[in-house]
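First chain written, first letter: the chains are A, B, C and D, and each begins at residue 1.
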């Protein structure tokens, strides 16, 4: 009896502006091998893809070989799963439209699926995290920017062009702070990393109160949260204001989507209660009445990087199998 | 050969705070017979359902008989297709939770589907209107309140509890106008019928300029729009401000959903260019860059009442067949 | 206000081995204009597509013009909606793999969807016929060959390569009659047009009984059915044997798919009770117990050609809009 | 911050005519604890459900407690996921219609999903086995009876009443062997356990050739396969005839469904090459031309019992969460 080669592993790739992580993952989400490198080393996207391909092939050859890998899934900022392009990524070194999925497929000879980083995070939470078993939920990724993705009837909502979920660029303050996208009042300018620092400066400027923040070498969401942990009132006020704005944005999102849960992920979510408590309070104050008290607001239980690599592996399983080899 | 009775007609019912319309509709959306009555005549929901049932049965008996009707679809404000209840409808005479779908099914003996009026409008646009052939789009209903519904992958997004699309209660102005829902700054307080009138009063109060609006017996979205048609600058300013706020709300909605089109329906959409032009301008100014210039903003080509009855008929086809009779 | 061009019509094309029919159809299935020509006139597929394109453009120009047409849907034997190819069609003049969808799209400059004729028939019954409102059903097309399609959860089951539904080539008699496909015992060899004629010859040969069939100039499913209408016992026996075999095949199909209904279409279904009664009897005798007496066996209420053009129009709406023009 | 209780485990239950197995399973398919008991001990279904409930509660209390369990999934012969009933199960002690899902839900106070054993096997192969990443495939379970399930567009095909996949009761031999279901010629009478034994008796009776089978105390699929392993020609002939019939049935199935793969599971599939080689040969001889050589015929890589418990756990995640407790 001739045996068919049923492939039981995929490669998940998570490209962020800082690091690119790639791992061999099996059906149940066990990471067989994982490596990463500095994304910014490769200013030219061709060099990047060449190096990434070589590194993947090397890892694969050392872990069971080419013919055991079914496909590849890629998470990248500003990627569209519909076009297969990264388009106008503000935080990546490569400008304009980059057909990364096709480039990788041609170099490696395996099927490649690609999607927006926030969409992949949501897929990770759905497949292996807190959203497992939910059919309507929102995942919000809080970091340098604010990504998001929601599921409708158990499937990721992709949108007409693959750019749904741009939560960070919803306007929460008409004529508000100037955003890197050129608009004013985007939620990101208040809840993104730079926005929180800006709020901290404003809070300190408008008050005479003593604060540990005044002694910090570098203001960042993390250092501000550390001040909160020490009971610093102004630092707590910074996250209170941040949560207030985030709560409005989330309430608007929920009034439209009616989710079972909203899951907060990403570096800034690690501020924990300092962020989540005021966010939840503002959320309940602003969300439509029929949903008040009913939407679960959660922080992710998974490690961010692991979830994104696992989400990319789940994406890999969703593309039709294709191999130059067999 | 025994012949199976394949039923080729359904009943579509549209319940609004003003009128209840019911019609016999065939597969292709031809309205065979249609009648309506004043919803507010029946302050008690039991009386309402009894009368509605009797009227439907009478219409059905006069048009081919019971055994030709497959099922019934109902559009109602604040209805959830998941619970089958009308819940806390602000503009209907019946308070609290009303299990209208079951009540009607028990009285008539046929399968009954029920959904939110905005969802039924979207289903009508999808089945017979401008959204036919689209898989991701938004329908916004502009009237006393602001309803909405969006489609994801060719299906209505329902949400976890069936209350998605509460666009009118998204916050566009923190600490803004007081809404009937108890919150402040809801979009409805600026773009709903009462909100537009309020803006008109504000515009007239803050200006000395002559205006036809000052002579109106009754300020309403319609009479204000008529002033616009006559070139009245302050009236045009009223719709300009209205469109500006609506444009922000729609931009936020689109940044999250990434639709192919947004279709405006309902009484206020009949203001036409006076509303749509400033809305579109504000929309393009606020929507996420990758979608700018790409989302079609349309007004419905269908008559509102006809579309809602047709949408209800499409809903009727989506529920499993059931009949006490045969 | 710039107006978007929302297109409200499509072109449906039905290619059969005999005739090619094309029509302009609106959203509700009204045929605006329809023409047809002899498929076999064009032995070369390039000539065929060129002529078809020119004829479509001419019809379109005479009926509202190019910019009113959204897209084109094509029904063809042995077509795969996955590959977009007609593959090894036994009854068409063009051999091998023919990328007809792409050829037509390039010539006309509009989006083209293509699917197997049986799949398009099912789509027609679902959108405008007896299957409207059903989510699990089978449509069987009885003609020269036997096509079929079933719906699963409200969508056409396409299969991995787009070749599902090859009901005519299921084996009902091990080592039975030789089929054109090279196998023995295919259902088509008993229930297809040639198979019925063969059965008629066998029935006449193995009996001395008088029969109107013995005087027929040409034995065909239609002329045999006419003999049945006149009470001819041997002719009735022909259809009894045909229905017996068809009933076994359908019972096997239903035991696997568990449909709400099986709808019989195509020329041979016009034999009516002579075919349907013994088919149903054999079906009930062979189908799995839990389904016995529960599956509706119907003949189509639509004209075959109209349904296929309408089904092709429904297919046209399902492909993403694309136009070289605007 | 109040913490929501996100439940990370479910209970999977596999009820077969021999044993009932129940296990606590986490999101990734790790079995935390598993026990089983003899199904036939409980001739009365009320006793059965009471005992099963108590045993599950005991296991759950010993492994993290009630509030960590999201829901329960049950695999049972002749169960319909649409009605929630076990209906007319031929091999279970409980006759007629048994509303097992509701009975269990009422006793345990958690959401319960139930489906046909073959459907749960397919879900297990899809979630954790060889079908992971496939969207159209068939799983056939070969044991006392022959169950099956196929996936369409990535979802299990359920059918109108939940009884799809009755592959064992498709007719492969008109007027053939009498089946327990009352029909003649069902595939099960040739390929089910009793059918194989019957074939062995026929083969031995019609031949004078020596055979190890003649000395067997008990003829069974397993003992016959052991004879094959020892090179016994008549035993090999038994499986050759079995595979021939199975190949016809599978070819008919595939011609209708067009799957990417057919996965054989269940006790009889353990005969391995003796069954699979002639099955594949007969399959290729009978399947429709466009699929010949393209359908992967596989045996399951998972342990049958483990797969069914895991499949039941996947089913548990698909039902909406519900708990009497919190």
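As a convention for this text, contacts are C-beta pairs under 8 Å (C-beta built on N, C-alpha and C of every residue); 3 or more make two chains touch, one makes a residue touch a chain.
Keep in mind that what you see is a predicted model, and the values were worked out from it rather than measured.
Student: Chains touching chain C and chain D alike, please list them.
Tutor: none
Student: Going only through chains that touch each other, how many steps at minimum separate chain A from chain C?
Tutor: Step count on the best path from chain A to chain C: 2.
Student: From the mean C-alpha coordinate of chain B to that of chain C, what's the distance rounded to whole Å?
Tutor: 40
Student: Can you check how far apart chain B and chain D are, centre to centre, with Cα atoms defining each centre and the answer in Å?
Tutor: A distance of 48 Å separates the two centres.
Student: Per the centroid of Cα atoms for each chain, what is the distance between chain A and chain B, given in Å?
Tutor: Computed from C-alpha means, the inter-chain centre distance equals 35 Å.
Student: Can you list the chain D residues in contact with two or more other chains?
Tutor: Where chain D is concerned, no single residue meets two or more other chains.
Student: Given which chains touch which, is the overall layout a line, a ring, a star, complete, or other?
Tutor: Contact map by chain: ring.
Student: Throw together a list of every chain pair that touches.
Tutor: A-B, A-D, B-C, C-D
Student: For chain A, which residues count as touching chain B in their complex?
Tutor: On the chain A side, the touching residues are 78, 87-88, 135-137, 148, 150, 152-153, 155, 157-167, 169-174, 181-183, 248, 251-253, 255-260, 285-286, 288-291, 294.
Student: What residues of chain D sit close enough to touch chain A in their complex?
Tutor: Per the touch definition, chain D meets chain A at residues 1, 4, 6, 8, 27-30, 70-71, 128-130, 132-133, 261, 272-273, 276-277, 280, 296-298, 301, 317-318, 321.
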